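Pasting the structures here.
What follows is subunit A paired twice: with subunit B in the first complex and subunit C in the second.
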Partner chain A sequence: MQEWHEIIIPSTPQGRRQAEAEIMTRAQELGFSQEATFSIKLALEEAVTNAIKHGNHFDKTKKVLILYCCNHKNFTLTVRDEGEGFDPEKVPDPTAPENIRLPYGRGIMLMNAYMDRIEFSPKGNEVTMVKENR
Partner chain B sequence: MTEAGGSQGRLAVTQKSGVHVVHFLDRKILDESNIVELSDELFDLVEKNRGIKMCLNFGNVQYLSSTVLGKLITLNTRINEDKGRLVLCAIRPQILEVFKITKLTKLFDIVDDEATALSHFN
Partner chain C sequence: MEVEVKTLAEGKVGLVAFAGEIDFSVLGDMRTALDQALAESSSSLLVDLSSVTFIASDGLGVLIDSQRKAEENARTFDLIHPQPHILGMLRKTQLTRLFKIFETVDDALATLP
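For the complex of A and B:
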């Protein structure tokens, strides 16, 4: 049975950096490819940024919970904030002609593109993503 | 011909034949604080040089986030408003893929290298 690791960070860039350093070190120790570590880093950045900005609204008293579970084949990440949640189905398509010039709204698209599986909790304040090591 | 050069906090700016060539000094453009700083520097350059011809060289950049994409879109819009032009170049394949996935290759002028970018302004 795989072990889950827990990181709880404040809603600050310093907190995100700390979590990212731990997770990237673990991915590299497990021999994840450069392509896979790029994907994990990008998806983690987008998920934690969304949690801090849209979930916790930069409230430093609110925390972001990051759980990860990994082996040589798969890296699973869960990011949870203390926000109200949202419906990811209602996020506009940033590639649609009417949205292509908007300077926001691409984070979830990148998470979907770079990770092999991604799932939001029913409330929408938690996302779980899996990257396979190929 | 190099006309002038200089380094601001997070950017190195050189003028070549009337084109402002901008290199990012950070390899990872992720942190909100870094992004705000470099965005301020880029927009300051645009405000001081109306109608600017700008070549953004990504050769040093290994990572960026969707927040940076948003700043680049706003920068491109601002430059176009003043009848200037922005060309992006030397983007690593993994970073270029980010532009392709988000279909921003349709919005930006993206070329392989700096020499090609400079020729685009002539």
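For the complex of A and C:
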């Protein structure tokens, strides 16, 4: 049984950096490739930014919960906010011609593109992502 | 993130060279540097990404917004030599359809009228 690690951060950029440093260190210790480590870092950044901005609306009284579980083959990350949630299916395709010039809306697409598996909770305020070390 | 802003070609070109990680916490500084270069240049804005090791989607959004401002002010907006994993992001998001990318600053300058 693998152990889950828990990090709770405030809805501020500073809190995110500390969590990111811990998770990146763990991925490197486990021998994840440079490509896989970049993917984990990017997915974590996007998920936590979404949680702070769109989930918690920068409310400093609200927290973001980060859970991770890892071994030499897989790195699993869960990010949960205290927001109302959303339907990821309703997020417009940022590569569509009518959206390509919009300066936002690429986070979920990047999480999908760089992680091997990604799943939102039914409420939509929690995302779990897996990166395999290949 | 570190940033250097300068002008080239007798003030025609504004060059912004970013280095390090562009994440959520540095977007304000990024925007300020790009706006400064836009104000100081008369025909073109170049953004050197060769020393950028990480950029998240919000950073890409700032580049898109800066390109829009450049076009509104009759200036071109081009990127210089993103590292392979950053170039990969630009390709996955299909932003290579939006941005012209040059290998070097000199290559970009050579295309100026």
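Here, the second predicted complex is superposed on the first by the 134 of 134 C-alpha atoms of A that agree within 3 Å, B and C clash if a C-alpha of one lies under 4 Å from a C-alpha of the other, contacts with A are read in each partner's own complex, and residues count from 1 in each chain.
Criterion: a residue touches a chain if its C-beta (ideal position, glycine included) is under 8 Å from a C-beta of that chain, and two chains touch if they have at least 3 such contacts.
These figures come from a predicted structure and were not determined experimentally.
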item: First, second, both or neither for A:Gly107, with subunit B first and subunit C second; value: both
item: Which superposed partner A:Thr25 touches (first subunit B, second subunit C, both, neither); value: neither
item: Touched partner set for A:Ser121, first subunit B, second subunit C, both or neither; value: neither
item: Those residues of subunit A which subunit B touches in one complex and subunit C touches in the other; value: 13, 16-17, 35, 38, 41-42, 45-46, 49, 94-95, 100-104, 106-107, 109-110, 113
item: List of subunit A residues in touch with subunit B within their complex; value: 13, 16-17, 35, 38, 41-42, 45-46, 49, 94-95, 100-104, 106-107, 109-110, 113
item: Parts of subunit C lying in touch with subunit A, wherever the complex brings them together; value: 23-25, 54, 56-58, 60-62, 64-65, 68, 85, 89, 92-95, 97-98
item: Contacting residues of subunit B [partner subunit A, same complex]; value: 30-33, 63, 65-67, 69-71, 73-74, 77, 94, 98, 101-104, 106-107
item: Of all residues in subunit A, those that touch subunit C in their complex; value: 13-14, 16-17, 35, 38, 41-42, 45-46, 49, 52, 94-95, 100-104, 106-107, 109-110, 113-114
